[in-house]
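Here's the structure we're looking at; comments come further down.
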Amino acid sequence: MIRIAVLGAGRIGRIHAANAAANPRCRLVAVADVLAEAAARLAKSTGCEAASDPAATLARTDVDAVVIGTPTDTHVALLLEAARRGKSVLCEKPVDLDIRKVEEAASEAARLGAKVMVAFNRRFDPGMAAVHRAIGEGAIGTVRQVVISSRDPAPPPLSYIPSSGGIFRDMTIHDFDMARWLLGEEPREISATASTLVDPAIGTAGDFDTLMVTMRTASGRQCHINNCRQAAYGYDQRIEVFGSGGMLLNDNLRPSTLRRYDAHATEIREPLLNFFLERYAEAYRLELDAFLAAIEGGTEMPLTIEDGRRALMLADAALESARSGRVVTV
Amino acid sequence: MIRIAVLGAGRIGRIHAANAAANPRCRLVAVADVLAEAAARLAKSTGCEAASDPAATLARTDVDAVVIGTPTDTHVALLLEAARRGKSVLCEKPVDLDIRKVEEAASEAARLGAKVMVAFNRRFDPGMAAVHRAIGEGAIGTVRQVVISSRDPAPPPLSYIPSSGGIFRDMTIHDFDMARWLLGEEPREISATASTLVDPAIGTAGDFDTLMVTMRTASGRQCHINNCRQAAYGYDQRIEVFGSGGMLLNDNLRPSTLRRYDAHATEIREPLLNFFLERYAEAYRLELDAFLAAIEGGTEMPLTIEDGRRALMLADAALESARSGRVVTV
Amino acid sequence: MIRIAVLGAGRIGRIHAANAAANPRCRLVAVADVLAEAAARLAKSTGCEAASDPAATLARTDVDAVVIGTPTDTHVALLLEAARRGKSVLCEKPVDLDIRKVEEAASEAARLGAKVMVAFNRRFDPGMAAVHRAIGEGAIGTVRQVVISSRDPAPPPLSYIPSSGGIFRDMTIHDFDMARWLLGEEPREISATASTLVDPAIGTAGDFDTLMVTMRTASGRQCHINNCRQAAYGYDQRIEVFGSGGMLLNDNLRPSTLRRYDAHATEIREPLLNFFLERYAEAYRLELDAFLAAIEGGTEMPLTIEDGRRALMLADAALESARSGRVVTV
Amino acid sequence: MIRIAVLGAGRIGRIHAANAAANPRCRLVAVADVLAEAAARLAKSTGCEAASDPAATLARTDVDAVVIGTPTDTHVALLLEAARRGKSVLCEKPVDLDIRKVEEAASEAARLGAKVMVAFNRRFDPGMAAVHRAIGEGAIGTVRQVVISSRDPAPPPLSYIPSSGGIFRDMTIHDFDMARWLLGEEPREISATASTLVDPAIGTAGDFDTLMVTMRTASGRQCHINNCRQAAYGYDQRIEVFGSGGMLLNDNLRPSTLRRYDAHATEIREPLLNFFLERYAEAYRLELDAFLAAIEGGTEMPLTIEDGRRALMLADAALESARSGRVVTV
C-alpha cells in the first residue's frame, strides 16, 4: 500500500488529505504545513500525523509519495526535493508562475527520472472525461472547434491578485489544459482580449476579470475560451466540442435534478454547485486515484510537468496578446 | 378544389374557418351561425359568405364538405343532414353526450355511406404524431404502459359545467382517444377516482375537477390518465409510452427555447403556451388538411364516428367507476 | 463516537458497512453473517471484526447500534433482540412480509422504548429530499396529485420471486412510502391492476411484473404509481408532484451531463445509472448519517416501524385489489 | 391595405411572397423575376400577377411597398429606384458586397427620405427576440459577453462561392448583426481566425469554411462568434448572453419535443430543423409583419441600411483580420 503525505493544509490540501484517507490504494501518513495548527486540525480529522515542516516530511523513509498543495512559490523546491528522494509527486497547478523555473524543474525532474504528475483536476471530471473518451471513440469525427465557458461565482480577495500571476495564469490555465487535451493538437496562434467589468479594483491591481481567448492549431482547428471572475448564477463550467461528425456538450452540475413549474416560469432548476471544491469533488478523488494507479502499475503519469509548462506558455502568450492587441504565435 | 363551409362561428369555428381560408386544398365558401353577427364577423375576416342558418348552408350545392363546430347538442342532426346530402363531414368532439345517440348516428351514417371524421385534434399534433409513428416503427418494442398528463390552465365558467357532460366527457375524452391510439389495443377494464380540489362550486354543480383513470387492455397493457381543471403553470399536455424496448416522452410547448440563469435558479424557461388554441394550433391545421386529403384521395377518414363512440364509452365507464368506486368492464 | 455493527454481508450489508466505515460519526466494530466467508471478506475490506453469528454480535457490549441487512424473515427477531439489549436499530425494509408480525414488532419495540429506524432509503436521496423540502416550503401550494414512475432495469432471478413477497411488497413498497411522504396525507382508497408482460415465468411463480396503482386520501388527493420489473433503458426513478401553485419534477440520474449530437439525433444522453446501488449511493450514505444523527442528538428516528407497517398495509391492499378487481379501503 | 410586390422569385422571394399573401395587413399585387417562368409559378401559387421586369414593377402606381429578393448585385439599383418612386422597401441582406456602394445607397436613400428596412430576419425569431427583450428588461443586468454559435448543415454549391462575397459577408454577417443588437454597443476591435476544414475546394475558391471571431466594444464588452459551413447534426443556431446579473441561452428548434429512451442512450431527440427556411419560418413572417406595421404606423423602420452597413463593415474587418493575423480596429 502506497504511503502518502500531503504538504499544505489549506483548502486544496484538505481535499487531497481527505481523499487520501478514504482511498484504499494508499495510507495517509502525514500532513505538513508551516501553520502547525492547520496541520494538526487536518491530521486529526484524517487520522494521521501532523508536521510543521514540509521539507522534513519529504525526508521520511515511510513516505512513498507526496501531494504538494503548498503556496505556488514553494512548489518547485519541494517537487525537486521529493524527486531527489525518489518520491512520486502530485503537484498542484501551476508548477510555478515563471515559465523558466517550470522548464528548469522539468529538465531536472527528467534527469532524476522522477515521477511527477501535475494536478489539472478537470481531466478527471466524469463529464469532461466522457467528452474526451467520446472524441477518442470517433463519436464526432475530426475535431474542428472547441468552445470553453468557464466563469467563477465570485472574484478572489483583492489581496490574492498580486500573487496570483493574473487571471490567465491563475484561472484560464485550466482552460488552456482542457483546450490542448480536447483539440488533440497544440495551439500555434493565440489571441486574447481582456477587460475589467466586474471590479475596477482588479484593474487597479494590474489584472483583468473578463476575457476571451482564441487559439488555432497547425491544421486549422480552433478554440474559444471565455472567462469571467464573477457569474451571478454560480460556477459555470461548460465545454463544447464540434467535429466533422457531430458535437459534444458537457453541462454544469446541480445538487439535484429537481425542476419546478409555477405561474411565472417552468423548468426552474436549482443553482449550480457552488465552486470548484463542490463541482470537482469527484474529479479530485479520481485524480488522486489515477496518480496512485500510475505508481502501483509503474506506468506513465497521466499528466506531466510538460503539460504544466505548455498550459503556462499559453497563459503567457494570451497575456501578451491581451496587452499588445496582437495575435501571438507560440 | 374542395368547397367547404364551417358551421359555428365560436372559438372552435373560428380556428377551422381560418385554417380553411389558408389551406390550398379547399375554398372556404361560407360560415354559418345562428348568431348572425358572429357569422358576419368571421366571414369578413376569412373572406367568405356569412349565413345564419347552418341547416340551410348544408343545402347549398356549391358546398362539398362541412366542418361542424356548433354546440354539441346540434352535432348529430347536422351531421346526418350533411351525410344525407352527400357532404363530407368533419365533426367536432364529442359527437353527442348520449352514447345511444352516437350509436344511432354511427349506424345511420354507415347506412348512408357517409364520410365523417371526428375531430380529435391531438392525433395531428406533431409531437403526439411523432410518438405514434415511433411506436409504429418499433422504436420501443411492444407497448406496456401509457401515462397521460393533461391539465387545463383554468376551469371553464361554472355556467358551462351543466351542459359539458362533466369532466370525463368534456376533457378526459381527448385522453381516452390518445390512450386507445397509443395502446394499440382497446381498454377492457377501467377504474377512476375523482375529486373536487380546485373549486367546490364545481362539485356543487355535480362535477369533479381533479381525477385519475387507470385502464387495462385484454393483453394486460396499462394506461394512466391524470386530469385537473387548473394548473398554475398553464396548459399541461404530456405523454409517456413505455415499451419492451424503451420509452417515448412528449413534452409541453413554450413560446421559445429561452433559458434564463440568475442568482436564484437556472434553466428558468418561459410559461407554457396558453391553452388548446395556441398549443394545438398546428394540430388544427394538420387535422383539417388530413380531412381534405382523405376527401381528395377517396381514402378512409383517419378518425370515424366509431372513434368518437369508443372514447365516449370510456368516459361513461370512468364516470360510473368514479361514482361507484368499482372497476368497470367495457 | 457511536460503535456500530452491521448484520448481513450481502449486497445491502456491504453498502451499509462501507458507509459506516467512512462515516465520522461512528466506528464500525463488526460485521456478522451466517456465511462466515462473506463476513470475513467484508470485515477485511472495511477494517473491522468478522462474526458468523448475528445474534451473538447483538450481545456485545461494545456495540451501540446495529444495521440489520439480513434476510427478511430474520428481521423481526434480530430487531427485537437488539431492542431488548438497548441498541439502536436501522432495519432494512420490509420489516417483515407478514403485517401481523410487523404490528407485533412495533408494539414490542414501543414497549421497550426502542430506537428503531426503518430503511426507506429514497427519502434521503438529494432529489427526492429536494422535492419534499420544496413542498414543505410551499413552492407548489397544496398537493393535488403525485405521479411516481419506478421501473427496474431487469427482473430478479426467478428463484427470488417466491420469497420476495411479490412485487407489491418487494418493489412497490418503496413507492408506497414515497407516496405517503409526498401526499402529506394517508391514502384511504387504493386500486391496482397488474400484468405479466415481461416474463410469463413470473406469472407462473404467482407474481406480476407490470402494474399501476391509484390511491386517494381523505381530502381527495390522488397518487398514481407505475412499476415494471424491466426497463430496457435502465433504472427509472421519477417523481412528479402537482399542487395548487405549481409542479415539481425529479428526474433520473446519469453518469455525466454529456450530450451528443450527430446526423441522426440530438441531445443523446448516456444511459441511466445502473440500479439502486448506484442510483441511491448518496441516499444510503445520508440515510445512515440521519440514523447516527438521531442517536447522537437523542431525537426521534426520521422513519419508524410504523412507516414500515403503513407501507406494507398499502402493499397488501394493492395486491388484494389487483387480485379482486375491486377498490380497497384501508 | 398596403399593396405589395415581391421582386425575385427564388428561394427567398418565395418565402416573402407566401408570407405577403397570408398577411392581413397587405395585398400581394405582383411578383417579378427576370426568369418569367419562376415568376409565373410563384404568382400562381400566391394568387397574384406575374412580371418579368422587376424595374417595371416598381413603376406601378398600385404598388406601395416592395420586397427585394433579387440577386445581391441588383439590390442597390432596385432599392434606389423604389425609393425615388416613394415605395417602402424591405431589402434582403446584404445590401451590397461593396461597402462603398452601401454607403452611397444609404446617403441617397436618406436624401430621398426613403423608408428602407434591411432584412436581418433573425431579429424577429421568437427566441432571439425573447433574449433581446429579456436584456432590455434587465433580466441579466449589464451585458458582459455574447457567445454566438452559427453553423450551416451543408456548404453552398462551389459555384456560389465566388459571388457570395466570402463566408464573412455571406454567413457571418447575420451574426455580426446579432452581436451589435445584443451587445448594446458597437464593436471597436475585431479579430478573426479562419480555416478550411470542410472542403479544400472552398479554400481553392479563395474562401474559408470554419471560423472564429472575437469583438470588443469601447466599454470592454466581448463577443465570440463561431461559424462552420457544415454541421453533421444540422443547422445550429445558438446564442448566449452573459451579464452582471445572469445568463440567457437560446437553443435550436426541433420538429417536436419527442424524447426517446432505449438500451443505448436516453433523451434522444429529433434532428434540428433543416435550414434557415424552416428554422426561421416564423422569423420571416414576423419580419414582414414588422415592415408592414412600420409603414402602417408611419414609424421608423426597425432595421435600416445603416444596420446593413455596420454589419458589412464588421465582415470586411474580420476578413482583413483573418488574412493579416492582426486585430483590426473599426
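The first chain written gets the first letter, and so on, giving A, B, C and D; residue counts start at 1 in each chain.
The criterion applied here is as follows: contacts are C-beta pairs under 8 Å (C-beta built on N, C-alpha and C of every residue); 3 or more make two chains touch, one makes a residue touch a chain.
Just so you know, these numbers come straight off a predicted model, no measurement behind them.
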{"item": "Which of A-B and B-C has more C-beta contact pairs", "value": "B-C"}
{"item": "Chain separated most widely from chain C, comparing mean CA positions", "value": "D"}
{"item": "Chain centre separation (chain A, chain B; CA means) in Å", "value": "57"}
{"item": "Distance from chain C to chain B - Cα centre to Cα centre, in angstrom", "value": "41"}
{"item": "Interface hub residues of chain B, defined as touching at least two other chains", "value": "140, 232-233, 245-247, 252, 259-263, 270"}
{"item": "Chain C contact footprint on chain B (complex, rising order)", "value": "140-142, 144-145, 147, 149, 151, 189, 191, 193, 195-198, 210-212, 214, 216, 219-222, 224, 226, 228, 230-233, 236, 240, 242, 244-247, 325-327"}
{"item": "Contact set on chain C toward chain D in their complex", "value": "232-234, 252, 254, 259-272"}
{"item": "In the complex with chain B, residue positions of chain D that touch it", "value": "22, 24, 45, 126-127, 129-131, 134, 139-140, 245-253, 255-263, 270"}
